[in-house]
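For reference, the structures are reproduced in the following blocks.
Two complexes follow with chain A in common, the first pairing it with chain B and the second with chain C.
Take a look at the complex of A and B:
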């Protein structure tokens, strides 16, 4: 019985995916090419782009931008958040502003960045960085806020020096929160990447989407979107894995 | 005075900060705000061209921009699109999410679509949406809905799934009809999750509206920013950014307040997603 229901479950998922593929294909044939392209044409276009090396080249360009911005955001956001964890006065002073920047739609700054820094790699990496840094910083500070003073006091009572205090209390306590921030940054950074490639100098996968839509090459556009969706799903799963990996550290103190 | 008394009186190594000006959070925050503004002003003054936005320049044009009719029309266009899109997403997303959370088959059918579209950056499908809806306000609304719907659906689904089993058992032992179970048990129990989803969705909806206006060039705060920054009126453009930040923060505060006021039993980090 149990095996039967499990089989049925997999069958539902498989049927739903197959149905989606059929709907995609049929919709492509029923509408004009400017609206939607069949799945077969999309996959054909993707294969062609992959064979020509365009996909790999543009994907690598996008990924370089994304990784640069994201790593910079983590390298700045996490240590800064930890520092604020250790200096409660600074934390109290700045946390509202960090929350404000966290809630700011960073896309709104793209036109300013464009007219100040122009085209090139740096302004685009800056956009990804701005999208990604505040989730990391905000969540790390949130974690810092919830460190129980007793923990620091106990560490002090056992004569921990500054380094040991960081190693045994501050970092283990705030890291799970930082990971939540990194998961959010992973998702936001991807939005920033595509936005930068659209509105600053066109490059990478964003440029492929743009070119597809301008040339009414809907299949090519859908192929590029599909690649971005797949990257997005993979990154999302990775982020969730990271978060869960460290979630156990949160312990019972909630 | 004995040695012991002397030792007790001796200053401890670490002096606890005395209560004073610097312990008032309000003073600290005010000082930090002033420091940030001064730093911004100084950096722009020292390194950037004259047209770049700076606090003094923004303060000078603020009143004028905010009372400008075109600016008000732009703000209204963007914010009403965001609110409308959010309402549509809340209605559809709650329905879809609760169906997914309570009915296994629905969840299995929709799971991959909802998860993968949630992970899709809404910017990437903008060209597609403009193909379907044209270069007009409908495309902006569609972008907002796309940006907001999936986070609400996913959170509603998590909420509906986490309804304590005992609640449902009680409802069943009183022979509650399905619709009462739905509206009196499942929906209230998943509200904290739903609110967390709405909070997330509001931020994404705002980004969606601005990005759509950049792309489509229709009147709105995003286009206001784009237009003014292109003509080197950065101070004016920044007023629109301030409005966007105020709306984002205001909404965050509103949802936080609603949760504390009406759902005090909801634990904050439980519903964070």
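Take a look at the complex of A and C:
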């Protein structure tokens, strides 16, 4: 029964994707090339770009930017979140800034970053970082704050010192919450990557989209977008996998 | 009092939280391998007193001395079993039991040797790799007990250990604990709100009462050990239970009658 349901599910997904591809293809043939390109042309363009090495080169440039910003966001967001959860005074002092920045559309800060740091890799990585850090920070703080006080009491009863309390209780308890934050950061960081490549010095896949658009090379533009979509989907899946893996003890998986 | 060989001496102990005085002037001594049951109505501060004995909460007045030195914080040789079990949900049974040993500085070899022994002592053999959410409440508390026992404490503090499990499980665990105690007798302070449990477990029963709570009476339980299910059927058990019931309930009944009137 379960196997049959799963088979039905896969069939539905496959049908849906196939239908989407057909709609894409037909829409491409029915409109002018400047507006929309058929799937076949898009894939052809992607294959050509891949053969020429452009796709790999630009993709690698984008990924380098993205991974740098994302890792930085995790490296700063998670420890800072734990620290803020453990030191209430510090949290109260910073809480409002964090909320303000979390609520701010980060795109609005890009001109400011441009005038502050100019072009180059660093300001772009900073943009990705800013897009990605707040979900990590916010979820970590909320997670660490929700720790059951009785678990902290158990740690004290067994004569845990502060470092052991972090190692054995705070960090493992908070990890699934941080993972939720990281999963959100993965998506937001990708937005940050494209925004940085658009609005700061054009580079990577963002530059390919811009150039495709300016040269009326719709197929090339869609090819770059398709690659970003695929990267995003793969990373989201990876994020969900990580989250489930670290949340197994919660007694459920999502 | 058994001052000479007392493991725990509580003298003039009091604790207040702001304006609320929980208990005052509590004087107790718990001897070597003695089981002291503490009973009292909800909110009388028996759990707070136990936490003070462990050094998790400081006293507001008086002092508690364990093995000759004043309690200032949790120490080696004293372990606690919690009503809420306090298991780490991300750790398996094995690693939950190993937790105390690890913090006590045990080597990996010691942990590999000791943990399985204590897991089978509490009847959890075969469940080493289960997570707390995969086992019943009774099994979780067996795990909590194994964790406390594995550090081989000389003083065991039990905070209503069976208060969060169902009635049948509770009965099973009571006799399990008696069996384990016979194998490894230690000084034990057992906080409970069950009169039967206090009589079954204790060598003496401290009745806390009043607001703020004070030691109302100390009842000596002269039931022979080992105690088993048969103990429950003896007239002496029934007599002691009645006695503690009357001590504990006299005020409660009077208060109720006053409301009726």
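One rule holds in what follows: the second predicted complex is superposed on the first by the 232 of 254 C-alpha atoms of A that agree within 3 Å, B and C clash if a C-alpha of one lies under 4 Å from a C-alpha of the other, contacts with A are read in each partner's own complex, and residues count from 1 in each chain.
Heads up, the rule we're going with is that a residue touches a chain if its C-beta (ideal position, glycine included) is under 8 Å from a C-beta of that chain, and two chains touch if they have at least 3 such contacts.
If you're wondering where the values come from, they're calculated on a predicted model, not measured in any experiment.
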For A:160, decide between first (touching chain B), second (touching chain C), both and neither. second
For the overlaid complexes, name the partner, chain B or chain C, with more touching residues on chain A. B
State whether A:114 touches chain B only (first), chain C only (second), both chains, or neither. first
Chain B versus chain C as contact partner of A:96, first or second or both or neither: first
Counting only touches as set out at the top, which of chain B and chain C does A:150 meet: first, second, both, neither? second
When the two structures are overlaid on chain A, which partner does A:169 contact: first (chain B), second (chain C), both, or neither? second
Which parts of chain A are in contact with chain B and also with chain C? none
Chain A-facing residues of chain B, complex: 22, 25, 28-29, 31-33, 36, 48, 52-53, 104-105, 108-113, 115-128, 130-132, 203, 206-207, 210-211, 214-215, 221-222, 225-226, 229-230, 232, 234, 237-238, 240-241, 244-245, 248-249, 251-252, 267, 269, 272
List the residues on chain A that touch chain B in their complex, please. 9, 12-13, 15-17, 20, 34-35, 89-90, 92-94, 96-97, 99-100, 103-112, 114-116, 180, 187, 190-191, 193-195, 198-199, 205-206, 209-210, 212-213, 218, 221-222, 225, 228-229, 232-233, 235-236, 254
Show me the residue ranges of chain A that touch chain C in the complex, using the header's touch definition. 150-151, 153-154, 156-160, 164, 168-169, 172-173, 248-251
Chain A partner, complex, touching residues on chain C are 54, 56, 73-76, 79-80, 82, 84, 86, 88-91, 99-100, 102-104, 131, 133-134, 151
